[in-house]
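After the structure tokens below, expect a handful of questions from me.
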Amino acid sequence: MLEQMSTRVLACMQCGKCTGSCPESGKTPFNIRMLVRKKQFAAAIAEELPWYCTSCGACTLRCPRDVKPSEVIIELRSALVEDGLMPLALQKALENTAVQKNPWGKSRGKRGVWADKLDIEIPHVSDTESKRLLFTCCIQAYDPRCMVIPSNVARILNKGGLEFGILGEEEGCCGNEIRRIGEAGLNEELQEENKAIMEEYGVKEIIALSPHCMNAFKKEYGDLGIKVTHYTEIVADMIREGTLTVQAPFEKKVIYHDPCFLGKQNGIFEAPREILRAIDGLTLMEFARSRETSLCCEGGGGRMFFEVETTYERNAEVRVNEAVEKGAEVIATACPFCVMTLEDPATEKGITVKELSEILVEVI
Amino acid sequence: MNILVFTKRVPATQEEELRLLGDGNSVDLSKLPFKVNDWDNYSVEEAVRIVEKTGGAVTAISIGDAESDEVLRRAIAMGAKDGFLVDAGKVLHDPNARATVALNFLKKEGIAFDAIFTGVQSEDDQFASVGGILAGKLGLPYSTMVIGIDAFEPDHIIARRELEGGLQERIKVKVPCVLSIQSGINEPRYVSIMGVRKASKVERKVFKAAVYEEGVPSRIEVVKWVYPEKKGGAVMLAGELESVCKDLLGILKEKGVYQ
Amino acid sequence: MSYALIVAEVRRGVFEERNLDAIGLCSLLDKESCLLIPEGAYDINDKLVNVVAKVDAEEMVFLNPLNMVSILDKVIEKRGKPDVIIFTHSSSGTECASYMAGRFDLPVITDVSGFDKEGGFFMKSYYSDKIFGQFRQAGDGTYVITVRSGSFKEFVVEKSVSAAVETISGITISEERNFIEYVEEETTEVDITKADFLLSVGRGIGNKDEIEDFMELADMLKAVLSGSRPVIDKMWLPKARQVGTSGKTVKPKVYLAMGISGAFQHIAGMKDSDCIIAVNKDPEAPIFQYAHFGVIADAMKLRDKMKVVLKG
């Protein structure tokens, strides 16, 4: 008798919808349907395979039998992590997160540095009336390219008259990617630490800057009794209600790329588009694959921290090529990982990648 | 083979700008996270890999404060059988003092071993001396910068030690001995949080260092701590391309990488 | 007799350059200097020290801490205790220094990179040079030092007369640790983590055809060619040559980055290099924040000019 697993691999009928929707299938050795099959028979799985998954979630969304193939991947990875069998770069990312609470091993003490350089003062969340927390995210706290995003959003929210605070160096990694890498224990520790600090300061609302963090707080922290939103939802509300007005035009053709964790996994398709539509002169364009079928940029599931061995045309390149063919001038997105992956090929093709906030600060 | 491995908990300073307190009386480590000393991580891994082949056991020993239990749990999760904490009341900067505490501890507790491993150095003080001093005091053969262990026999070890410029030296060392392990000798396994939790179930013995500190002389003293001389941003080389090239070659020569 | 004993580091017949730092420190300490060296035809300027003590042993015997115990016994027997024993801060230097400290019960201060004459203390690196400790020995007697390469060379003073030569013989050779052979690291595939000098190229070099010319420059400079992620992604260079979080972490003496803007992932893989030189045409390129030297120039133009300068 096969042991019943927490995921529903035994319910799988091998229809192949998962592989059909997987951004890695066809061009890499990764075949999610096959892995589920092997798991059904508890057959050996080559240890490099599970690491291709980008955790985009398409397979789980499309599966007609609720097998949750993306969770099967996490199970496979967990077993490998417990045995220490993982790409070295991921091992480093986990070790860094254990010590510094971010996968890059940057100083935790410098997590709030982006706010020090800002022209407006952001209070600590405990000093706010609303107990509304702007959660920065690791990459946006440290990466010079992404550090502008929290600064921008802080200015935008401030302009819209919204009160909010930050945790500064007390903020730690949300654990979203860590769980997907398969380090359940570390994810638990990160969650506990973040929960404790939020409880201590009586946080009532979280505005997440990264869709990945938002996903974790919304779906994986249990019942926090805290309202969790992505900043684009707040900004869209502000524009709609008139608390934030778009004053200058942005005369460009902008194509919007749906981040997996914002779009297909959490159903936030409209807020970012609504913001873009509100800007004068901006022509909003769409990719052939958008919304639920948006093509993953391959920055999730730990892929931000390591490179798979296979060389192939990256999805980011596919995206950029399509944008260029369609005549877009700017690729807009609302996730730091997407910004990072898209920007590489975009720079080469002479097209700009902007996180939504980067367009917004130019027009308000 | 029974191998003792010394492992140390050190502050993670790589990404930090450190601050001095009170006119250089001490270094402010209060806000820093701590971690296992990198070199010790390689040492534990190497020892575990050896006993996996030869049988015997690895015992991890840490001289430090109560928090150092963390690196013992880590070592146990990696495959050490036991963890001994030699709980020292104060930071021992002098490698002579550390080595003497270690020596007295081993002697007083009658701990038997075939080999003692230490890291080549610790990330914080970079003395690269405790292993050598301990070996000297024990009167045992010693080698540092060990980058490969080719054979581990009951009476001797064949090891490779790293010299400069990509050269190595193969040596034969009699057992028992003390070896200081160089980073890069292996790829230390990942220790998951679950793994550490499981390891916590293995009891770690705690010894009070005071007992072994008797007659431990402080042979060197710190006058004070100071900041390094400021380097200040990149020096930009400007001017005609040809003169820039010559300047660059000058730098390469000065750094000793070009004739 | 008051003197400083300098234990020379010699390897395969070569008197290592870093011995000069030990000799330089000796001048600063104002001590009569005695250079301890194995018998052999080493190329030394014998006016740099007062005494050369030749040990009747081969270099492999000499550079063994167990034999060094016997050598030191003989030196003390012949010349009395030195005030200070100075080693280089190298693989063999630290090995012997710490072992002597243990065997002869001596204080030891390693990786010394400065000496303050007035205060009588040595500068010693802590936390990878982020902080330095001013150390001195507590009490009197012989102490042991290892000196950091490049720290004291400038203080070497040439004397008017050649060094007196003494011989140390009758040493006991230990059976507990023996030299077997030298091993050259295998060089089948380049290991960029082992290189002292990396020439690294990035997206800024434009296209694959440029690689060959950079390879040529690297050869001329005796550097190893490496690259950032985009270069590897495009298969302009093999994966083994990738620097960065998804490639290798390197710490060469010199990292010369050409056409690399300095993405976060790349910086993480090279920021601990001793000396970083960045060449980029964009003055705003983040890599300049991490570089010690910077050149705002087109990587290809600089490369070509460099070749001309090297050839001429």
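Letters A, B and C mark the chains as written, and numbering starts fresh at 1 in each.
As a convention for this text, contacts are C-beta pairs under 8 Å (C-beta built on N, C-alpha and C of every residue); 3 or more make two chains touch, one makes a residue touch a chain.
All values reported here derive from a predicted model rather than from experimental measurement.
Engineer: Comparing chain centres built from Cα atoms against the global Cα centre, which chain wins on proximity?
Structural biologist: Central chain: B.
Engineer: Go through A-C and B-C and name the pair with more C-beta contacts between its chains.
Structural biologist: Between B-C and A-C, contacts are more numerous in B-C.
Engineer: Find the chain most remote from chain A, comparing centres computed as mean CA coordinates.
Structural biologist: C
Engineer: Roughly how far is chain A from chain B, centre to centre by C-alpha average, rounded to an integer in Å?
Structural biologist: Distance between chain centres: 38 Å.
Engineer: What is the distance, in whole Å, between the centres of chain A and chain C, each centre taken as the mean of its C-alpha atoms?
Structural biologist: Taking the mean C-alpha position of each chain, the two centres sit 44 Å apart.
Engineer: Express in whole angstrom the distance between the two chain centres, defined as the mean CA positions of chain B and chain C.
Structural biologist: Each chain's C-alpha centroid was found; their separation is 20 Å.
Engineer: Which parts of chain A, given as residue numbers and ranges, touch two or more other chains?
Structural biologist: Answer for chain A, listing residues that touch two or more other chains: 105.
Engineer: Among the residues of chain B, pick out those that touch two or more other chains and give their numbers.
Structural biologist: Chain B, residues with two or more chain partners: 14, 16.
Engineer: Write out the stretch or stretches of chain C touching chain B in their complex.
Structural biologist: Residue positions touching the partner: 11, 16-17, 65-66, 89-92, 94-95, 97-111, 119, 121, 123, 125-139, 143, 150, 174-185, 193-194, 196-197, 221-223, 252-254, 256, 272, 274-275, 277-278, 288-289, 291-297, 301-302, 305-306, 308-310.
Engineer: Using the touch definition up top, name the residues of chain B that touch chain A in the complex.
Structural biologist: That would be residues 12, 14-16, 31-35, 187, 189-197 of chain B.
Engineer: Under the touch definition given earlier, write down the residues of chain B that touch chain C in their complex.
Structural biologist: 11, 13-14, 16-18, 20, 27, 93-96, 99, 123-145, 158, 160-174, 177, 184, 217-228, 231, 233-238, 241-242, 244-246, 248-249, 251-252, 255-258
Engineer: Can you list the chain C residues touching chain A in their complex?
Structural biologist: 203, 229-230, 233, 235, 239, 245-247, 263-264, 268, 286
Engineer: Sort out for me which residues of chain A touch chain B in the complex.
Structural biologist: Of all residues in chain A, those touching chain B are 81-82, 84, 86, 88, 91, 94-95, 98-101, 105-110, 169, 183-186, 188-189.
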